[in-house]
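There are two complexes below, and they share subunit A, which is joined by subunit B in the first and by subunit C in the second.
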Partner chain A sequence: MTRRWQILLLGLALSVLCWQARAQAPGVRVAVVSSQLSAPHMDAAQALIRQLESRGVPRSSIQIYNPADVASIPEATQTTIKVWVALGTQAAMVLGKSRLKAPALGALVPRAAFERVLRATGHQLSPQFNVVYLDQPLSRQMALIRLALPESNRVGVLLGPDAWHRNASLRDAASANGLALRATQVDDDDALFAALQSVLEDSDVLLAQADPLVFNSHSIQNILLTTIRANVPLIAFSPAYVRAGALLALYSTPTQAGAQAAHWVLEVLAGRQLPAQPLEPDDFEISVNDQVARVLALTLDAQALRLALKQQERQP
Partner chain B sequence: MKKINTALPRQLFSLLGLAGLLHTTAGWAQGNVAVSENDFLDEMPIVLSVSRLPQRLDETPGAVTLLDRDMIRRSGARDVPDLLRLVPGFQTSMSFEADAPQASYHGVFGHYSGRIQVLVDGRSVYSTYVAGSVAPGLMSVALEDIERIEVLRGSNSVAYGARAMLGVVNIVTRHTAATLGASARVNQGENGIQDTRLGLGWRLQNSSMRLGVDQQGDDGLTGANGHNRVRRVNFRSDWRTLGDTDVQLRAGWMDIDAGRGIAELHEPLRDTSYDSSFVQVDWNKVLSPEQDLALMFAHNQESYRDISPFPLIPGLNFDFSGTARNDSLTAQHTLRLSPAVRMVWGAELRRESVTSLPVYNTSEALVTDFTRLFAHAEWRLRPDLLLNAGAMAEHSSASGASLAPRLMLNWHVAPGQTLRAGMARSFRPPSEFETSGDVRYAANGKVFEIFYLARGNVAPEKVLTRELGYYGSFSWLNSNLDVRLFDEVMSGLIQVKNYDAQVDGESFTDIRDYVNGDSLTLRGLELQWAGRPWPGAQLGFNHSYTKLFFPNPPTKETLASTMPESASSLFFSQQFSNGWTFSMSHQNSNPFRLQRTGNYKQYISRTDWRLSKTLLVGRNAGEIALTVQNQGPAQADFYKSFAFERRAYVSLRLDN
Partner chain C sequence: MKNSDIRRRMLLAALLPVALLCLLLSGVFLFSRFEDINDNYQLRNRSVARQLALACEFGLFAANQEQLQAIALGALREPDVRWVGIRDRAGRLLASAGEANGAGLPGVFGPAEQIVGNLPDMFTQAVYASGLKLDDLYEESNGFEHRSAAPLGQVEVMFSHQPVSDKKREILLLGGLISILGLLFGVVLAARLSAGVIRPMMRVSHLIERIGHGDFAAAARVQANTSADDPLHALQENLVRMANRLANVQQELEQQVATTTSALREKKEEAELATQAKSRFLAAASHDLRQPIHALGMFVARLSQLQHDAATRQLIDKLDASVRAIQNLLDGLLDISRLEARAVQIKLQDFPLQELFERVADDLAPLAQDKELRLRVRPCTLWVRSDSALLYRILLNLVGNALRYTEQGGVLLACRPSADPTQLNIEVWDSGLGIAPEHQEAVFKEFFQVGNPARQRTKGMGLGLSIVQRSCQLLNHRLQLSSRLGAGTRFRLTLPRAAPRAAWAEAMLPQPNQDGVAQGAAVLVIDDDDLVRQALVELLQSWDYQVAHADGLQQAQQVIQNGFAPALVISDYRLNGNAQGIDVIAQLRQQLASPVPACLISGDADPALLLAAQVAHLTLLHKPVRPAKLRSLLSRLLTVQGESDARS
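Our next item is the complex of A and B:
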């Protein structure tokens, strides 16, 4: 091949690339709708963007919107969007109510909140509308109890009226890990402490399930003081509870949630579908309150627990 | 019942013209009842900060007896002193002759029990008026309001203040968030037992409150001038202002009406009345997980009425009536200096004032100011070695400066097995009456007798405590064992000494004064087994063996038998799955001298039992119970001629 032909071919290839780039550049391909501009939401958005950028998705094709702005996105932009990401419950609700031409994936959305979105919007879980749950799978929560507190056999949970239907799946997850579940329903916040006292009477550990009726910034003082007096450790769902005085927390960080969402965004951009089943968080963290552990005469290492739990999950 | 919960307080407050305060009675979680990511991502207030973390029982610097709510309920006791019978080393009396039932640790050595500290939610409740007696304070809380009682056996002035000379009874009341709604209880039974209580808990925005009103009455000991009645009102509110600050307000009133006396010339039959009220404000701020700041202000006032005519001299009254008040301000800073060192330090300013013309021969208020500084550090030398060291310095405007240091080492020899060793020096300053009491019996301007004329030559009494302890927990039995071996050297006990003197040109004999008298050593062993060995069961066994030694012969022979050489108690309770609970306790001791029995010694053998059945009234739980106190023969109490006879009573309780 002569040198002239080589230059010609190279020029052709370059012009094809440029044409492709020109076709994509002005369009938003990934639309991220964030419920709030709080630090955790922004952490998730940043992780998502960083991950996409590292895999060659140009920053200019990723746009962050407020939920209120979704309705006013121009038709032209709508057509270029290949995938929607909702960060937070409110964003998921807005996307659920919008007529989207591309699949939408929720992140930073707890299971109960996503179920609420599905009920309110008439959507069904599908490759068009899916979620990476914020809360940890029950099997992982129970496995952590087994690992961290091998002498504990009775797991207490307090469930609000809306969460009571999870009783059966909690029981199954507990018994799969050789644990017995003691679930108590809390009908209203006035009844919380009677319920707490009764559940603590025959529980070795209290497993917190997010429910603002039960666990909120006002009730937490009494819950923690009561559980520690009863010598019953509290396993929580966020590191803030560990700072407040819970023994352990199992949770995914917003960064982890953003990164996992990015993985599925890349799949969609590569022309594949989102799964039809909801996605459990694949990465997680564990925090331990050392002072509380000392009071309960326990020795726990958060990193060792995390590695052991991961290893256990990798085993078939 | 449930509806009362919010409706009644609304009515109550509008009646009081405070309706404006009631912006809403909706729950705390109002407006945000559905789960969202915020439940996972929001910050939480720090709860178990350095000062709120409880201590493990194997790391407490000393022997501790815990009486929890279950045990309190199942014991069948109607008041705190009766509960303390089941704590090793305690002596109790049901008599009201010393104003209220008494409880003492390692002996009373006088008329009033004042060598232990009694705290109710951190507030020292000894009586300024009644010579530092803890008896009225022990009666100031209804048992339903109590979450738990922690009894620290052994000197602990460093952590609990100057009165904690021999031990501490730390009463912790229930949090208001745990007592929302209405509750009621009635006891009715033999010996005129008639107790009633109503409790009401409600919420106001981010605070919760409780009001408890109760009265407890019976005909007293057989042979005594019966009819005792205690009436109480206690209010507590917990406010959460910001995430890291909480404010608590407590206020209360109590009245003890007692029939007293033994129909003797100097102790005529009469009715006395003791009245007290208090306000307490606590402000706690979590500065960080490693630092807390707490401020407490408490005001207490007492008024006492005990007046009776002397039949032989018209116009002559025995009068011990008067009033007292005390105010206390405490600041406390708790901090963790490193993962291995935590410390608490602070100061207390306290003013006590007593006014009684008949008791102090002046209508002026007698004021004593106390300044206390304390610091206490807990240092984990090694994972298995914990050192507690601290000191409290006190200056009293009446008796000068004193220092109470303390050192205790806990060594975890093996998992669940701990040895303790330590020593402490502690003191009790004389009460106002012990320094300036001036009781003269006079009529028509003529003084017939000077009963007391204290000359103020009295210094704080002291104790040097050395102890060895063992704490073992046996998880296979769900039980623990605590053993305390002690050597308590008490010196310069504040005692009555009679003297003769010329007063205002007349000579009087047998005038009572307070001086630092006998010294003695208490040596012994206390053993405490507590556990829940099988489902529904609670089992406790205590035994104490104590011997008194006097370096010099005691001024009063009776001092040597102030407490029994050997005493035991057993508590057992079994809850059945059908809602029935049976519990029983037995207490016995070697003979010892009761408070006013001279040389007569009495042994104790008392068995109580209780059978209860839980009830469900609508959505509320309740209980009906039959309690029999002292199933066996009558026991002498306080005086030889006073007897505690069998008392059976039925109680009906509805919980909130």
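Our next item is the complex of A and C:
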């Protein structure tokens, strides 16, 4: 309740800001396009603005737009904008389709979704159009499995046709952590159960990839049921999966994503270019479903795991 | 019948709304109950199908036929479930349980939940993967929401309708039973209530009927039977009051009628006494008048036969006319009294009119000549059925009357065929002074004369039309009078026609005088009145009869013993010492040992006398006897006697 009120007030404040920014259009330097006014997006935007303000960027030079309003931004305003930030896939899609004079950075965009945006807009990944992925880097995921489930050696992965090309990188990441990858392609919903069963037979842990063809709100229930029956823990990419019954989730919060985006905005404002490679999230969180852990006779502590993983990453 | 009719109507009036309401309510409640049962059935079945679908979700996802079969078998344990089928999204039957007849159904994917075709108890429920709200960020980006609409498969459940039908039948039976019981209760109630109304009504109705028939005492009886809580108590009380009042009024009326009747009877008796007194007086007066006038007539007749000088002859003629007038008056009175007493015997016969007309014309010709009037008789060949003597008197009176009241012109007697072929009209026309409309009824009354306040003797006595009318009534002939003042009068007599016959005995008609037929015959005259006897004897002698006379039976017997053999006996009816002419004649006939012709002469107008004479086969002459009539009778009697003697 309180949170909803906060969101509402923030939304209201942002709207007022939007109106003010329009009035002082010539001063806009950072344009933030948010797909939705939902809590994660607002958290990300707040973190971004807070970070920028703390680093001396005046609030008045930061403007938040709706994706639908992008096309109607006046030419004069567009010339003053130094950097665009897209929060969410839809915003990224809109910016990708717009002719922008300034570089654009996406955030809160999953890897698969960004690939789709690139395909749809014809953009290349470049300093002018880059993204901070929402998904965690494969190496981090594998490292977490290694840390959390040291007894597990075989990692099962289900990939849809669109994501099948990640098979190789997954295998590399797995072997880098001393794990064997068992990847299976799922062509359609009918084949899901058969694929799942074949993967589970040869795996100690199932690593979920953010591929909506395989993992979506309708399939997750049955997938979870199947994995629990097969006594194979599921490592997911979102805390929601942990709430639904996955053992672990590795993810970045919107605040973390906003802060990371702010870092790169400051870089651009400081006259530097964005990197040409996609940006992996540098901060992350880990969730644990204690109930599932108990069923699987595991003892896991999310904070400890996070710290351990962070520490491991900091080591060369 | 009336009772049952009222009862039926009342029952109908009371029952019809109850029955309708009963039916309506039963219908509404049964219908809504059926709806409820149906709804419950559908709801329960649907929920069974839904639960089954939920249970099947993972089994279908995993295509786990063993699990699905177990679920299907488990669903069979639900009441009314006959068959369960679980199909995957391709329509393949993965599991089924129950009666086999549902297994052949094709897999149909339609709306999430459906009642298949015409089978109301077949439910299908599509099975979807249950959704789970996940992370907004990934959901926003996946863009594959539409794919979730595809179902995992479907569940088909067939339910038995039998329990529902049984329950409906049960409710229907119960409802029908309650309705019938309600109706029966209504019938009994209505019958009892209506009886409470009908009985007093019928009682009142019977009471009115009895009062209508005059039984006023019924009211009192009914009143005694009714109680104060009777619904029609007030009505009955009023009826009783009315009946009592009617009874009183009737009593009063009866008393009044009785009083009036007795008063009228007294008046009538008084009037009758007065009439009898008048009749007695008239009879006595006429009897006493007849004797001297009878004698006077005969003396005048005798006198006229003698030789006289011219002056005396004229005087005698006037005397004769005066005597004839008196005689006519007395004849008229006699006729009236006889007609009034209905003592006239009618002899209906068929006869031709012509001869009757001629006789009337002959008899009245002198009167017409005296007044210098033309009396015409139109020749007539028709026959009629009537009494010739009475008809003669009628015509004589009508024509005589016409002549008397006509000063110039003439009188016509004619017969004409009537519009009715069975009838005939005899008409008497005159050119006299006519009768005013206001007098046309009065002319038929005794002694009424138009335009003769001075009562001139030549105009008659005013008895003619009265005699005519009474005679016509007796004969049943219709008499019509049409007249205009100053333009003459026409009397029309309508009587039945008869077929002409060849043989006609002329003797039936009153014969004209046949003088000298039996001259010199011996006639015995018996009369206790010396004057009358003397006049008659002298008259008979003047007609050349041998006459002996006696004042009674004894003298007569002596005359016969003395050797007088009468050919004819003429006797007065009433003789000295209460002796009667009839007895005298009978005894004389005994003495003579032969039925000597005889005739009676009487001064009484007593109808009984006429009957007695007829019984004794005697001709009765009334005083004053006209000499001509007497002469004609004598000659006829003597002729008949002569003929019978010749035959014997």
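FYI, the second predicted complex is superposed on the first by the 290 of 316 C-alpha atoms of A that agree within 3 Å, B and C clash if a C-alpha of one lies under 4 Å from a C-alpha of the other, contacts with A are read in each partner's own complex, and residues count from 1 in each chain.
Here is the rule we go by: contacts are C-beta pairs under 8 Å (C-beta built on N, C-alpha and C of every residue); 3 or more make two chains touch, one makes a residue touch a chain.
All values derive from a computational prediction rather than experimental measurement.
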Superposed partners subunit B and subunit C on subunit A - clash or fit: clash
First, second, both or neither for A:K310, with subunit B first and subunit C second: neither
Partner chain in contact with A:R272 - subunit B first, subunit C second, else both or neither: neither
Contacts of A:S35 with subunit B and subunit C, given as first, second, both or neither: both
Residue contacts with subunit A in the superposition, subunit B compared against subunit C: B
First, second, both or neither for A:R119, with subunit B first and subunit C second: neither
Contacts of A:Y241 with subunit B and subunit C, given as first, second, both or neither: both
Which of subunit B and subunit C A:P254 touches, first, second, both or neither: both
Partner chain(s) touched by A:R55 [first = subunit B, second = subunit C, both, neither]: neither
Partner chain(s) touched by A:D162 [first = subunit B, second = subunit C, both, neither]: first
Against subunit B, colliding segment of subunit C, chosen among 22-30, 94-102 or 508-516: 94-102
Touching both subunit C and subunit B, counted on subunit A across the two superposed complexes: 35, 38, 40, 88-90, 108-110, 112-113, 116, 134, 189-190, 192-193, 210, 212-213, 216-222, 225-226, 237-238, 240-241, 244, 254
Footprint of subunit C on subunit A - complex, ascending: 35-36, 38-40, 88-90, 108-110, 112-113, 116, 134, 189-190, 192-193, 210, 212-213, 216-222, 225-226, 237-241, 244, 254
Residue numbers on subunit A that touch subunit B, as the complex places them: 35, 38, 40, 88-90, 108-110, 112-113, 116, 134-135, 160, 162-163, 188-190, 192-194, 197, 210-213, 215-222, 224-226, 228-229, 237-238, 240-241, 243-245, 251, 254, 289-292, 294-295, 297
Sites on subunit B touched by subunit A in the complex: 2, 5, 27-29, 32-37, 39-50, 52-56, 58, 148, 175, 177-181, 203, 206, 240, 243, 246, 289, 336, 339, 621, 655-656
Touching residues on subunit C, where the partner in the complex is subunit A: 57-58, 61-63, 89, 128-145, 147-148, 150
